[in-house]
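There are structures below to look over.
Next come two complexes built around subunit A: one with subunit B, the other with subunit C.
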Partner chain A sequence: MYGHSHYNQRSPEELLKLFSLDETDLESIRKLQAPLEERLDELVDNWYQWLKNLPEHEEFFTDPKLLEHVQKMQIKFWKIFFKAEVNDDFINMRKRMGETHARIGLPMDSFFAGVDHWLSLFIDMMGELKLKPEEYSQTRRAINKFLHMDMTIIVLSYEQLINETIAAQSKSLMEMSTPVTQIWNGILLLPVVGIIDSKRAQDIMNATLAKISETQARSFILDISGVAVVDTAVANHLIKITKATRLMGCESTISGVSPAIAQTIVELGIDVGTIKTTSNMKDALASAFNKMGLEINEIHE
Partner chain B sequence: MNNSSKKTISNIPLQVSKGCVIASIQVDLTEEVSKAFRVELLEYIRENGATGVILDVSGVDIMDLDDFISLKNTLSMVEVMGAKPVLAGLKPGVVVSLIELGAETQDIHAAFNLDEAFLLLDELRAE
Partner chain C sequence: MLEAEKMARNIGFDPANTIRIKTTVSELGRNILKYAEKGFVSLSHLVDGKKEGIGIEVIDKGPGIENIELAISDSYSTGGTLGLGLPGVKRMMDKFEIESIPGSGTRVYVVKWK
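Here is the complex of A and B:
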């Protein structure tokens, strides 16, 4: 559904072009590789000093083993960053990183704040390198562009994973939301709550027909008292469902038609045709029992 | 009671039970098959003076809208001949695709299986 954002499909070349990074930019980043290697441990310490003051530290970094792992990954991350080689491996590594962040539920604000702090550490480091003013500003701009590109890949894969999770959840919710139940021999009931879109209507139809063929039901009650909006599309879905059950030899009744729904249906000029409708479930049930030749009586002692 | 089954050109066997013609369709309903079947069925109804017809389509896995309309026309013709038509044993998958194709089902009497079809036929004949 949301699965693949097209941004993540960009090739390394397209990404570089998008952020107008050229070989000069990459070269000036690579120049920082050697000075960075010398100072990396110091920078990492510095960064963790900063992190300690944040609440995220408590949440994500209390386990010393985990902390060690994260530090290792960070060092690897920045080493690869200053190598400034944009290829598929680079993109895949960044994607994985975004996915990991999404899995542990790292908030984006702390992620960006962290990256920004790293950036300020690098800029301090560049200050110490005594670069010429033009070179300094050129390198700074290059790092900015490259970092933004890097973040884009990470954030997009973060977003993608979260969207996939949402899609999977809504799918399982959809499946849970069509509980066709046999309430009596030959009588099926499905209370619908929420909205009916074409996907759900399809699910309802499939679930109902499967249940009819399983139970050989002759009556099906579709209760729509929990459906918020009935418009032309929804009404057409309902009509389709009743037509389908009829072909299986099972009569559908739509119950729970509220005055508001009745009004909309007529005002929209929807032809309900031969569909049986009742205002409450009691009537629908009574007519279903009647059809089955059953009667409910009080027991007199 | 005449229970002898009749072999036909369309390869759809017809038999009579309790004054009712039962046609069990186990083949794909191509246009030629449909046409041949229609003629044979109507002829058979006249021969046997049947008052009801059950089309058992439980063996049909695929049916497009044209097949369905042709089947529906056959049912209407049966009705004009004075017999009550019932469609029995449509599979869920077939039903879903027919509805998606926009099939009109208003005047069709359908039943889940043969037993149900007989019950429905009794109701219809009592009317």
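Here is the complex of A and C:
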């Protein structure tokens, strides 16, 4: 349910095949290596002129040292790119780039626009090279495919890192989501918010039973007013939880049953049997106090 | 499920019916996760003259249901659960269609009118 990820598992050969990049394409890219290296400093300058007009420039390059470092990395990268050697090293290098983008929160639109600006700089450069028309269009197509393949690796690793972050967050959220609390001697309370699936139901069960054994509680209030839906599976889990607490000598009350939830439970045909339920937490609490022989009174001075 | 709630609210269902619709989506969705692993739920806004409603179609490519009569009767379950899901959904909705081919999948289509 959480943070599903399908990582870019393709091998270099599969990636090339996916983008129909053949040896002719790669060879035509390699032919640009020498002219590119001559012009690279100029192209980088040109690209940063373009970038200066974007708000991202302010955001990411406040530190001149960082800017210099990134420019150096970029020069290094384009030199490798025009070697057009797609192997594991190349793919891993690009994956790391994607992860860096994700970590610094570089927006996809600026990334795509940036790559597109590089592409137009390369196209301008090809124009200066006086290639034959068929060679020109072949090379142009090859660069296109190769750049798109490169972007794909970056985007997939970006997605992967973000999915991992979401999965980790969901996990820690779930771990924090069963705060069974002793609200009075012998009385436990757990307000459940969100969706109950079998994993969460099991967590609730474990946390509750552990707390009962620790505190010798006699009453347990499970408040479901924040639960999105009570379907048969959720009801089944609730029934099991109340049965298990009863075996430990602790009576459960399900509180927070709204009119709509009450109706659906009846229509689903769920037999709530001996489970104690109340429409609000206040009633459940009052009955738990009552059971302990306690009552709450206003203080009259 | 959240999509279903949004659509139900937009169509103007009252809270009780909105919960019925959410519960139905949850119930049918869980069946996919439990028995078929893969499948999809699609929601549609229905308009028939002055009537408005919601259509929920759930299709999976799971093992299918051997005996539909049994599956939609109360307290029958092959999965160790309460066995009230499908009959419950049938009671909550205005229209209930189910077809299943053992070995290739199941389609459930339900409608709730406002």
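To be clear about the criterion, the second predicted complex is superposed on the first by the 281 of 301 C-alpha atoms of A that agree within 3 Å, B and C clash if a C-alpha of one lies under 4 Å from a C-alpha of the other, contacts with A are read in each partner's own complex, and residues count from 1 in each chain.
Just so it is clear, a contact is a pair of C-beta atoms (placed from the backbone, for glycine too) under 8 Å apart; a residue touches a chain by one contact, two chains touch by 3 or more.
A quick note: this is a predicted structure, and the numbers were derived from the prediction, not measured.
Once the two complexes are overlaid on the shared chain, A:Ile212 sits against subunit B while remaining clear of subunit C.
Applying the stated contact rule after C-alpha superposition, one finds that A:Ala235 touches subunit C and leaves subunit B untouched.
Applying the stated contact rule after C-alpha superposition, one finds that A:Leu247 touches subunit B and leaves subunit C untouched.
Contacts of A:Thr264 after superposition on the shared chain: subunit C is touched, whereas subunit B is not. In the overlay built on the shared chain, the residue A:Gly273 is in contact with subunit B alone; subunit C does not reach it.
Chain contact summary for the complex, subunit A toward subunit B: residues 205-206, 209-210, 212-213, 216, 218, 240, 243-244, 246-250, 273-274. Against subunit A, the residues of subunit C that register as touching in their complex are 1, 15-16, 18-20, 22-23, 26-27, 30, 74, 81-82, 84-85, 87-88, 91-92. Subunit A contributes residues 195, 228-233, 235-236, 258-261, 263-264, 267-270 to its touches with subunit C in the complex. Residues of subunit B that touch subunit A in their complex: 87-88, 90-92, 95-96, 98-100, 103, 105-106, 108, 110-113, 116-117, 120.
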